[in-house]
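Each chain gets a letter, A, B and C, in the order it is written, and its residues are counted from 1.
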Amino acid sequence: MKHRVLFLSICLLVVLAVYGDLFAAAQKEGGEIVLTFPTFWVGQDSKAGPIADLVQQFNADNAGKIRVVIEANPDTDGYRTKLNTSLAAGVVPDIFVFNPDPTTFQYYDADILMDITEELKGAWAQDFAPGYIEASTKKGRAKTVPFETGLTPIWYNQELFGRAGLGDFPKNFDDFWAAAEKLKAAGIVPTSQMTGGANAWTSMLWYSHILASISGPEVWKNPLTHPQYVQAAEILLRMYQDGNTTKDAVGGDAGVAGGHYMAGRTAIFINGPWYIGRIKKDAPAVHAVTKLAHAPAVKAGAYGGEIGFQLSNLAAANTKDPARKAAVLKFLRWMTKPENVKMISERSGAMFALKYQLGAQVDPLLKQFIEISSSAKFSVGHFESQYPVAVTQELGQALGAMALGKATAKEFVQMLIQASK
Amino acid sequence: MKKVGVSAVTIIAKAGKWCLLSFFFFFTFLPLLWLFFSSFKTNFEFLTEPFSLPAVWRFGNYLNAIRISGMPRLFVNSVIVSTCSTILNILAASMAAFVFSREVFKLQNAILNLIVAGVLVPIIAFMVPYFRLISSLGLYNSLPGLIVTYAAINVPISVFLLYSFMQSIPRELEEAAVMDGCSFWMRYSRIIFPLSRLGLVTAATFVFLYSWNEFIYALLLTTSVSARTLQLGIRFFVSQFFTDYTSMYAALVITIIPSMVVYVLFHERIIQGLTSGALKG
Amino acid sequence: MRNKHWKAILLFLTPTVVLYALFFVFPLGYVFFVSFIRWSGAIPTGFAGFQNYLDIFHNPTFAVSIRNNIIWALSLGIGQIALSALVAMILARGPWGWRFLRTVYFLPNVISQVAISMMWIAIYNAEYGALNRILEQIGLGHLARNWLGLVETALPAIIIQQLLYVGYFMIIILASTMSIPTSYYEAAQIDGASVLQQERYITLPLIRGILVTSSILAMAYGLRHFEATFLMTAGGPANSTSVMGIMLFNNLHFLQYGRANAIGAVLIVLGALIIVTMRRTIGRQSEEIVAKG
């Protein structure tokens, strides 16, 4: 008898769990079209607030007809894993954030993304800054909408520079190494570097800057076998030696690199405008004295280039339902409306691929971003945007090997070539 | 037998024993203490002075933690998922282990070996098939989806453990019971199931812990707070360019305390019941 | 030979078999099937034969990964179990505070692996990590280094840190130890056996079954190892701590599904061979011993 009771109560528990309010799925209620929008612009991300407000506004304006539901995926690696798995299993979210690089552009070849080539001509195209729609077009088809962009100039702490007896940021590498020695003499670590975090972000950006300094605007036309890669690697290697960076750079991630800069331990850093909110909040003293600069020139190389790239695009699932397609397009146009994007930019410091003017009340660091963007002689994408994910990921590993003396610059590039196969 | 010699050895052994125990104690406990202190710092302080006491005890981190990640709901979800998956798994596995260890039938060894071999399958290889499976069963973004998945993933381990335990129960007990008219079901429920208590608790602990700590499939198979578990809540503090360590640790402390309480209340009781009166020396 | 209880047997097997079929057999089929297909991004583009397997074997990281997995399996299967058994046997004798210690030792398992790994990343950090600080305090400052960033120390650092969490297996070994009747020990004591002798001749043989089972499980965990390494070094530095689980995961990110599944297939086959062999040779023996006792 006791066992029967136990057995039944277990069954009851299971049944309750199954039929309780534990089923959550996107539903169609009445004629309302519900669009799922997984994104990592949630939680602590500086754009979380503005994006949520925009979505809320859209839902209010379209009440009863269209409803966009944000699916929170704060962890970007988790987001990417989930998105890839989902797409491989044939389940495509209605709208999602698409990070463009040669690996993800392969999705264009399948039929899973909504083809917006035609819609992105005409009036809508006028809202976008030049070049971005072309950059999102592969084999004549545009299947994602340019959205957030990245610009990653060199950051340096002017106060620490002053302490070491330095003025402006060096314009060539001879001056750069001299400056590094002066910084070290004043007890300051020159640069923040990192080989971890899946894309060795800070170091990868340095590598991109150095390459651009060597070969100018056509830098990415050269394949990995071109000597520029070895030459740049040698310069990057030097940044890891002789105390030119912190001891935890090998294996360190973005928290490590950024943390050292914010703590005033390192004088030179690289990151994009999205970091403004973070540094303003956590290290206002450093925020106040941060200046931006172009990368130093290599001998007989190019100066004044900047690293700018498409950070996140918006993509939509391919659908045959015309009502659904119209709803998605309406939302995409809403998100890319210049005044909406301007609002996000003002509140978060992010930059976008659209034409908008920021008001006067702009964060001084963001202002510098705009200035350096216009003063740049040319702009190229970063390494990550030019090579498949496998190569970018190998960059960190190979860099670690090189920094530890286990690989020469030539072998470093060999590892990258190996990963591209 | 020289008394002096024995004493010296005993002292060294005793010292060694206490060294070992203390070492493991500090190894286990100090990091937790560090976690606790870190949860009261600012991120900046955490990154620059990770091993100092907090300058200011910021309880705001805790409010932040609860607010941002919806911890209470996630905790409840974790409890439901872990409990139900454990029950489902133990029921299924114990029934299977029972027939594997007690009966003889066609293909018995083949099926058993096949199931046990599942112990070393890298579950991470199954992301796409599981996603497809759960979607087509209509269990995407639901607690039952996770429950069934976790119960299934642990079937090989539980069967393996329970089979080993049941094998060691002498057959004579059942033979006597059968002669007294014990049915098949009763043999399971009245004799073998109670006698395998130790194995059942062991397996249940493994399954429960697995479900509690699991992350990848919780991430893949759920999208909203109504179905998400605690581990995902902790990842809420990691965003594209920044990790809010201190709020994350506050969240962790919040989850550790109830976990500890639950563990102390239930597990200790169970183990105590199983092994009372067996202390020696 | 038709067992007269065949209906009941079928009923009892059904839940397990159904769950297993859905979540193991079919996905396994998928893994093996896809490993023979060539993928381009998101779409399968044709039969690849053994090309995926050749690709991964040619990758130098693969050999490193297999080697690391075997190191993990042995470290956990032998090292961790030995330590867990040692601690269990000490605690079984009921020293002062043993219940408290038992709780504390098990505590890390109630906290997620993510949290523990993050803790240890901070402890191992080269600039501000606790380990280096402690070394400096006790005068061993010259040993301070970037533990997770050096090829020589990264793998041992992760393994030792995982190995020393004895709570998981200690609990079940302890429970098993404590179920041995005290009368055995009393009798041995009367005969003049020392503590060491008692443990060696009474405890060890009687818990042999659970030791073997735990050892096999620990080895399986070692072969499947993924999370701690992924979180702490992502397979680095220079791919030196890579394990097959990480290679698999990475290939999924590279959208190389064919290769990812080929790695999965290799891992499964390799692991199956090792463990079924172990079960055959050692497992059976221990079951006999336990059954006799």
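Convention: contacts are C-beta pairs under 8 Å (C-beta built on N, C-alpha and C of every residue); 3 or more make two chains touch, one makes a residue touch a chain.
The shown structure was predicted, so the numbers you read here are calculated from the model rather than taken from an experiment.
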Among line, ring, star, complete and other, the chain touch graph is complete
From the centre of subunit B, which other chain's Cα mean sits the farthest off? A
Inter-centroid spacing, subunit C versus subunit B (mean Cα positions, whole Å): 14
Between subunit A and subunit C, what is the gap in Å from one C-alpha centre to the other? 36
Contacts with 2+ other chains: residues of subunit C: 125, 129, 249, 252, 257
Multi-partner residues in subunit B (2 or more other chains touched) are 47-48, 88, 91, 127-128, 235, 245
Quick one: which residues in subunit A touch 2 or more of the other chains? 81, 85, 88, 265
Interface residues, subunit A side, partner subunit C - complex: 80-81, 84-85, 87-88, 103, 106-107, 109-110, 112, 195-198, 246-252, 256, 260, 265, 388-390, 393, 396-398, 400-401, 404, 406-407, 418, 421
Which stretch or stretches of subunit B touch subunit A in the complex? 42-44, 47-48, 68-69, 80, 84, 87-88, 91, 127-128, 131-132, 135, 138, 140-144, 147, 189-190, 216, 219-220, 223-227, 235-245
Which subunit C residues qualify as touching subunit A in the complex? 40-43, 55, 59-60, 125-127, 129, 145-146, 148-151, 154, 233-239, 249-250, 252-257
Please name which positions on subunit A make contact with subunit B in the complex. 3, 10, 13-14, 17-18, 21-25, 36, 38, 40, 42-45, 71-76, 78, 81-82, 85-86, 88-91, 254-255, 258-259, 262-263, 265, 271-272, 274-275, 278, 282-283
Residues on subunit C engaged by subunit B in the complex (per definition of touch): 1, 3, 5-6, 8-9, 12-13, 15-17, 19-20, 22-24, 26-28, 30-31, 86-87, 90-95, 99, 101, 103-116, 118-120, 122-123, 125, 128-130, 133, 164-168, 171-172, 175-176, 178-182, 185-186, 189, 195-196, 198, 209, 213, 216-217, 220, 223-224, 226-227, 244-245, 248-249, 252, 257, 260-261, 263-264, 267-268, 271-272, 274-276, 279, 287, 290-291
